[in-house]
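You will see two complexes here that share subunit A, one where it goes with subunit B and one where it goes with subunit C.
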Partner chain A sequence: MRRYAIPAFFLTPATVLIVLFFMVPVVATLLLSFTDISTTTLSKPSWVGLGNYRDLLADPFLKKILANTGKYVALTLLFNVGMGLVLALLTSLVPSQIGDQFRALWLLPRILPPVVYVFIWQGLLTQAPMGLVSDLLGVSKNWIAAAPWSVVILANGMVGASFGMLIFTSAIRAISRELFYAAAVDGATTWQTVRRVILPLLSWPILFVTAYQTLSLLTSFEYILLLTDGGPGFYTTEVWSLRAYHLALSNYFGNVEFGLGAAMAAVLVLIGILVSLFYLKIFNFQNLVVEPKVEVN
Partner chain B sequence: MPIRPPSWRLILIVLGLITLPIGVGTLWLLLTALFNQVHGLLPVGNINFGNWRFLWEGSINGRPPIWVALFNSILFAATVAFIEVLVASMAAYAISRMNFPGRRLYLGMILVLHAFPAVSLLIAIYYILRVLGLFDTLFGVILVKASLEIPLGIWLMKGFFDNLSWEMEMAALVDGASRWTVFRKVALPLVRPGILALGTFALLSAWGEFILPYTLIVSGKSWTLALYLQSFLRESFVDYGMMAAVGLFYALPVFVFFLLGQKYLLNIYSGGVKG
Partner chain C sequence: MIKGTDVTLRGLSKRFGKVWALKGLDLEVQAGELVAFLGPSGCGKTTTLLLIAGIYRPTTGEIHFGERRVDHLHPKDRDVGMVFQSYALYPHLTLFENIAFPLRLKKVPDAEVKSRVQSTADLLGIGHILNRRPAQVSGGQQQRAALARALVKEPQLLLLDEPLSNLDAQIRLSARAEIRRLQRDLGVTAILVTHDQAEALAMADRVAVFSTGELQQFATPDELYRKPKNTFVASFVGAPPMNLIEGVFKERAFEAGGFRQGLEGPHPQGQGWLGIRPEDIELRAEGTPATVLVVEPLGREALVMVESGGVRLQVLVPAEAKPAPDQQIHLHLPAEKLHYFDRTGTRVGP
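Let's look at the complex of A and B:
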């Protein structure tokens, strides 16, 4: 009995919280997506089978939402990975003290509270004379409304770039010094060293960052919600996860399409589970599960 | 990189240019908060503390006093960090040190959840909090926020426990100490760097958290600073000066921490902590 009791004691708090806020929600998302639940039927929703999924397919805006989602994920990913790579390379080429300073600065968008971060964007992009961009370009507009996609991608990208930057920097630091000396002895220019020595060795980290960020971009909508809330106008920047959120939880749809929102979320949940399982496979699980060290019973 | 290219000064200029927006944004926030009016980055008029009247005027346009939001934010961040560190350390200790049936499965589950995008569960979590009667309470949001980061915490702390030599624990166990005593008195003090890293990460992440309180809290008395600041955006006339002051007030701990602990931040965020 003791054999089970002690580990159980240590694991219970974590297990309870994980069951309550991961396991139950996964099941609940799937179950709710088969009901007509809404604010009016919150206490006794009725089963509608695949009805929500049929509605989803029949949704005239589905094409628009899918196109937006693809655009958002692809372009932000491109910026994140590209900028992460550029930052990692450039900060590795300057003296490391200075390089560290720049890397730290790029962490700022990530650690700033999102509401403050988005407010700064709004301030810089508002009409003249307050908005800096309007002042500099000499055209006074609200630039978020004028170029919503560029703003959404840049604002998300500046937060996301640091993730790739840190991972690529560690990877560059792990490259053995001999390779750099050998390249230098052979008379390679900086660009040739980057192109022929560093980049080939970064292919695995690049793959990892791309895969990891695809999944988080697919499901994240916090910055879009704060920046444009899916607008301006009609669904201009509305992506899949934001639409699910709006349908189920936003007030201006009257909170009546909880089930449909749950159906859209269920699609994301299923993708999330499949992709995470896939990660587990490529991370080489065997190596991670080492035997425990202290075992006295 | 051991080789420094001859043109590194040029590279520095390029780096400076692409990093410029971050500096400009921070400067804009500072100037807009402090001056009467700012045109772009040019202050017009004098330094003006009127933007900061939310500090002494009690309620601004029917909002709860900022001190309520500040108190809630501190309570929220501190409790989330405490729960996260304690619960994750306990579980990580068990996984690192004990052999129990299902250990591999448990660890596999933690790994999958670590990669799983928790925000997609928000709709169901809203429903679950309603059923539990925790909707619109700070306590409910604290539990949700801590839970969603626990897989990450367990993973991080397990790494620290795994790297700990276990002779001291062994000695304590042989001397008849209980597993809990060994955990509390021997193991935990030795993984202080891990606790600090997870604690810092949890504090920063909870301090900035927006979407969870925004979705799960309605009443003003439970507002955090994130909700307080966001409420200005819903007004028809946006008072940029005051918003900047509120934003600076809210982000001040983050800026201070950033200035004092840059190196430390780089270390913990490079250590495989996801964002």
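Let's look at the complex of A and C:
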């Protein structure tokens, strides 16, 4: 018993926080998803079992929404991780003063409130003479309506890529300088150094950024909401989390359906877990784990 | 058998921002020779090595390998092998792939890669652990793998940046001899950077001593030891270091405070330095009176710190003849073992 007393003491604060803010909400969400709780039934919710899930399966737009979600997550993720890598490599290979400043500039959108950020995009993409893009291309269009998917992915990606950029840059900086010298003396060109030395050493941060951003993209919808609100037209850019918001929290009838929303969230959590397991498998997670440096007896 | 190249450096300088790391270096290394660059940290020796490897571009000056001018070439076009202080093995690759790396980049056929890696690894005694990763082998084995990677492409020039300083004292001595033997057998020209004067003296045909970005002396270990060109070389080469006494050269004598040493033959005049190695001072029944301060037994010998007329000297004596602390003794400084340096620290006389 004594053996565990001290570790237990030190683990208590973190455990309390995790239970209170992570475990309890998960259980609560699951419980809610089996009820019909909404604004109208708030005082007397009744147990409906898998009713909410049956409703979801019966949704005629289910396929469309799932396809949209997959498209949105996959393409934005590709842009985020790929662009993050490109930015990290480029800004690491140029003199550090220039690289640092460029990275600082790329971080600016991240500290803008999303609403302001989206306003800027809308301003850029609206018709001439107000829209800068229309002006430059000489074609007056509302580009958000003309190419909604490109806009949604780029608007997300421009912000999202900076996360990968920061993680990858610090990982590249952590690689010993002598390793780069060795590669040069061994006969590697810059590209070969990137391909054969830097990228293999970045597999852990790449896994981390990919997994983390997949999960956050699955649940994020604020940029889509502000840019297209799932449109234009009929559910063109509507994704699962946005659909949950529309269906459960902002529906036509003004009735906030907590139960249904919880069911949709639970499905999203399930998808997230499956995707994470998939990543751990393809990145060979066991190989990336390092033995702990401190041993507790 | 590798055909080593000779290396010529002309007016080589390197500036980082406002700091000159290397100032106007002229140096020639002969084919097949092992030259050590010796000096304290920040003296410019590693900078010079990285300039030769092509990692740095010179601010001024030229680098020639034989007839070929190389200072404008990318490292990959210079045909050099290099061993780094940290070994710089690729952590994600097995030892086999680490050693094969330079060959893979040259698109050498698979079968040839296999045989060349294996034979180089066998030469260094690591042929049986090639499927391990660097983290799974000992420091000595990592060092051999790094050496194998440098040698596998049969370079004309081998650059060694403090290759022994991360090894245990015991392995270091055997690795010293092994590198020397390998370099001679292969006939490759080699440049070794080290801050350890014993290592430089033991391994090199010739030693270049650096200080504050400038070459102080380039000579054989023997000459470096017997005729140091200035007080820096005199104090840096040899352990324990040479005693250097600052004082005034007078008619047939040298004086520093209460210390006085009679001189014979030609010697400088005025302010300057008198040098003598600890092993060259003898304890005799008569001579300069001195007091023993500290005695450090070193096994075969003892290092004795003495004071004479306000001047402190280190004396190396046989262990059985060591005096006791506070004992009054007499020193004899043989005339032929004295080194004279003028006020700027430059050697005067033969």
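Here, the second predicted complex is superposed on the first by the 236 of 297 C-alpha atoms of A that agree within 3 Å, B and C clash if a C-alpha of one lies under 4 Å from a C-alpha of the other, contacts with A are read in each partner's own complex, and residues count from 1 in each chain.
Quick note on the criterion: contacts are C-beta pairs under 8 Å (C-beta built on N, C-alpha and C of every residue); 3 or more make two chains touch, one makes a residue touch a chain.
Because the structure is a prediction, the values reported are computed rather than measured.
Peer 1: For A:Ala67, select first, second, both or neither according to whether it touches subunit B, subunit C, the two together, or no partner.
Peer 2: A:Ala67 sits against neither subunit B nor subunit C.
Peer 1: In the overlay, work out which of subunit B or subunit C sits against more residues of subunit A.
Peer 2: Result: the larger residue contact count on subunit A belongs to B.
Peer 1: Return first, second, both or neither, reflecting whether A:Pro200 touches subunit B, subunit C, both chains, or no partner chain.
Peer 2: In the superposed model, A:Pro200 contacts subunit C only, not subunit B.
Peer 1: Looking at A:Tyr181, would you say it contacts subunit B, subunit C, both, or neither? Reply first, second, both or neither.
Peer 2: both
Peer 1: Which of the two partners, first being subunit B and second being subunit C, lies in contact with A:Ala104: first, second, both, or neither?
Peer 2: First partner only.
Peer 1: Of the partners subunit B and subunit C, which touch A:Gln192 in the superposed model: first, second, both, neither?
Peer 2: Touch partner of A:Gln192: subunit C, not subunit B.
Peer 1: Enumerate the residues of subunit A that count as touching subunit B in its complex and touching subunit C in the other.
Peer 2: In the superposed arrangement, which is not itself an observed complex, subunit A uses residues 181, 183-184 for both subunit B and subunit C.
Peer 1: Can you name the residues of subunit C that touch subunit A in the complex?
Peer 2: 50, 53-55, 74-76, 80-82, 84-86, 88-93, 101-102, 105-106, 149-150, 153, 159
Peer 1: Report the residues of subunit B in contact with subunit A in the complex, numbered from low to high.
Peer 2: Residues in contact with subunit A: 1-8, 11-12, 14-15, 18-19, 21-26, 28-29, 32, 37-41, 86-88, 90-91, 93-101, 103-104, 106-109, 111-128, 130, 143-144, 146-148, 150-151, 154, 162, 166, 169-170, 173-174, 179-180, 183, 204, 207-208, 210-211, 215, 225-226, 229-230, 233, 238, 240, 243-244, 247, 250-251, 254, 258, 262-263, 265-266, 269-270, 274-275.
Peer 1: Tell me, which parts of subunit A touch subunit B in their complex?
Peer 2: 3-4, 6-11, 13-15, 17-18, 20-22, 24-26, 28-29, 32, 37, 42, 83, 86-87, 90-95, 98, 100-116, 119-124, 126, 128-132, 135-136, 158-159, 162-163, 166-167, 169-170, 172, 175, 177, 180-181, 183-184, 190, 193, 198, 212, 215-216, 218-222, 225-226, 241, 244-245, 248-249, 258, 261-262, 265, 268-269, 272-273, 275-277, 279-280, 283, 285, 288-296
Peer 1: Which stretch or stretches of subunit A touch subunit C in the complex?
Peer 2: So the residues of subunit A in touch with subunit C come to 176, 178-179, 181-189, 192, 196-197, 200-201.
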